[in-house]
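Order of writing sets the labels: A, B, C and D. Residues in every chain begin at 1.
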Amino acid sequence: MSSESPAPPCTDPIDDQIRELIECGRDFHRRGWSLGTSSNYSVVIDPEPLTLLMTGSGFDKGRLQPDQFVIVNENAESLDEAFPKPSAEALLHTALAKHGAGAVLHTHSVAATVLSEHFLKDGALRIEGYEMLKGLSGITTHESEAVIAIYPNTQDIAALATVIESRLQNPASPLRHGFLMAGHGLYTWGDSIAAARRQIEVLEFLFEVVTQKRLLTGSF
Amino acid sequence: MSSESPAPPCTDPIDDQIRELIECGRDFHRRGWSLGTSSNYSVVIDPEPLTLLMTGSGFDKGRLQPDQFVIVNENAESLDEAFPKPSAEALLHTALAKHGAGAVLHTHSVAATVLSEHFLKDGALRIEGYEMLKGLSGITTHESEAVIAIYPNTQDIAALATVIESRLQNPASPLRHGFLMAGHGLYTWGDSIAAARRQIEVLEFLFEVVTQKRLLTGSF
Amino acid sequence: MSSESPAPPCTDPIDDQIRELIECGRDFHRRGWSLGTSSNYSVVIDPEPLTLLMTGSGFDKGRLQPDQFVIVNENAESLDEAFPKPSAEALLHTALAKHGAGAVLHTHSVAATVLSEHFLKDGALRIEGYEMLKGLSGITTHESEAVIAIYPNTQDIAALATVIESRLQNPASPLRHGFLMAGHGLYTWGDSIAAARRQIEVLEFLFEVVTQKRLLTGSF
Amino acid sequence: MSSESPAPPCTDPIDDQIRELIECGRDFHRRGWSLGTSSNYSVVIDPEPLTLLMTGSGFDKGRLQPDQFVIVNENAESLDEAFPKPSAEALLHTALAKHGAGAVLHTHSVAATVLSEHFLKDGALRIEGYEMLKGLSGITTHESEAVIAIYPNTQDIAALATVIESRLQNPASPLRHGFLMAGHGLYTWGDSIAAARRQIEVLEFLFEVVTQKRLLTGSF
């Protein structure tokens, strides 16, 4: 954070988390998952009252600077007017954080964009039988199926956040691993930035596998 | 600029812009958008009289050096004979700068080459419905269509520059976001180098999406 | 290794090998062959009694740290409780090391995942006629065929290790170059880390060739 | 070169050329054009008597060291027994150097491997109409056709070198820009390492374009 920002509760861990999110941005940009000013990333810095550090709106993710982050409360409101504007999608981050996510990463890859558009009619992308599934939190065998929910893309983020929250609280139809917004990209989360980053890598890998299998064999 | 070059109006900002264009070249070369000596980049360093800093002709874009840039006037004429030769396409840069571009980036990607050849018959590549469209200047919802004009490739750059200028002045058929030269590549622009770079990244991403969608689903 | 670890027989060579495996992880992660916490790597540090240095379970391969390695005996048991847990697949590494491998590398690429699933019904992926085959240990002409065995993916690594060992001892049907686990990835090996790394690069290249040929020509 | 090597005519330029070839190897390895120990590179360090600096046989091109180069005469014989062994393909480098090449680069990309195998029956890969063709030495308009000869792959490099030499001397059917060995890779050359590197980048780009066009449109 810039020196003008209000002192956060404990400076050093936040600096570490800013560094880790900057490094995520650099790697995801290099891979083509966060081009332009797309994507946003966040991490919970205080669970009570819920406080998140997240990327501000409109910055290049490949070259994030410490003063391009903002600290928000559980309503995704900035804690200081000196901060940059939070992303329009900040409410999705706080919705996930309220239900246990320690860090949330949102990326825009080519594969996620195309697959989410194509499978929107089914409401989810289903992936099964691959070893890499074991990299997803809570999966311990490749004989599993990951069901990645797909929502229509929307400009009404508040409404989508409500849908996500109610789904997160529904034990009969839980939202696991991540979700896609059609023609838009992937949201995933974990206990920490490192855990969420692993989920991104695993899911993007699986999207590439689904794509490649279709190209080689003609079927999804 | 080399120490032998005539002193530019204010040295430090130009050094910064050279650094930023060198960094563009390094990244675009790494991504395969500026291989060989293809591509050229420019930035307006004085609006009145119009003066541009641009890459000289025939240099490797992945390893640009400060003395491989040239300063030109509104007619794309070099301001000093010690400068390297301007690119043959310099007139396209000045045409865009006369109509408000602060920086112009031209790249040659595989996807832009193939799509521009294929869609030349339609005069434009139309892309709609993707969230990434919001990364283009002036687009605020994914429920938009970007119309990227495609011109036949030509060796007569002066003639094409005239066409581009008249299109830029035509409110009924404005030229927005960028244009393609068939089998050649993409021109785009922005208020600053950073803004133009974002446009390149967004458009190249969308070209990949169009390509991948076609491969997966059989339709564009 | 961390300073708390038991002193290995001779420190410096192990430090070199840790550095080399860290560098493998960084490169394979960058290429997308070791995303998430997938993959594991090992090297023999003592042939008698057989002792291997290998990556611990669950670490990011793109950012391996010296204290994320473990030293195991021929039964894949950790030599010190201060070490991290060995990978579940450690028994495959020791099986290969017992039969002469000096280093074993296991990666998860998109191409290996998709091809191994597709060709599992044939029991092997057969590749012939390419110059790159000469990069495989023991092949001296492109007029050769590499037969890469494919096994069904399994959670019972001990059983698979037994199958691998019996195959390694069977002169009538030797296991050469590497093997695939369906929907999972590639195991290969060499006299040294550098030799095994070359095998990975050659085999992954050939998997890309097989994939691309199929896409271009419709046949494998 | 290692300090034990015989002093070359003038040390500093050779050091520069070693550095430049090491940098080529690093970039081509990163792009997947020189995986395993594939590829070899050379530069003329004396035209009279013809003397070339080239990569020794069997080294990783992504991590070349100064002592992995060899200096050879016009018969591709090493000038000092302390040098590593020249590549088996050294005679192709000297054949090209005898007819004017200042530097020769040979790479193994996936696209070159697959296209050269597919088009061997036609004896050449023909590419026309793309702006990038202007990056090839001697081409000044995109309304050109590059004819890249394809030879069957062979272990008899001496015989192929003779064919190449006679073709280089035949004004009725000159060998321009480069040639392919089927299922193997690309040879190209230029006045300098930088010029040959540009040719590699241009040709590899065009191979990607040909591949992508086929995938998108169904025709080459």
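Operating definition for what follows: contacts are C-beta pairs under 8 Å (C-beta built on N, C-alpha and C of every residue); 3 or more make two chains touch, one makes a residue touch a chain.
Predicted model, so just to flag it, every value in this text is computed and none were measured.
Common neighbours of subunit C and subunit D under the contact definition above are absent.
The copies subunit A and subunit C differ by a rotation of 90 degrees on their C-alpha atoms, rounded to the nearest 5. In summary, the pair subunit B and subunit D forms a contact in which the copies contribute largely different residue numbers, shared numbers making up under half of all those used. Rounded to whole angstrom units, the spacing between the C-alpha centres of subunit A and subunit B is 32. With centres taken as mean Cα positions, subunit D sits 45 Å from subunit A. Residue positions of subunit D touching 2 or more other chains, listed in rising order: 215.
The full set of touching chain pairs reads A-B, A-C, B-D, C-D. Partner subunit D is touched in their complex by these residues of subunit C: 129-132, 135, 141-142, 194, 197-199, 201-202, 204-205, 208-209, 212-213, 215-217. Chain contact summary for the complex, subunit A toward subunit B: residues 32, 35-38, 60, 108, 110-111, 113-115, 117-118, 153, 155, 181, 183-185, 211, 214-215.
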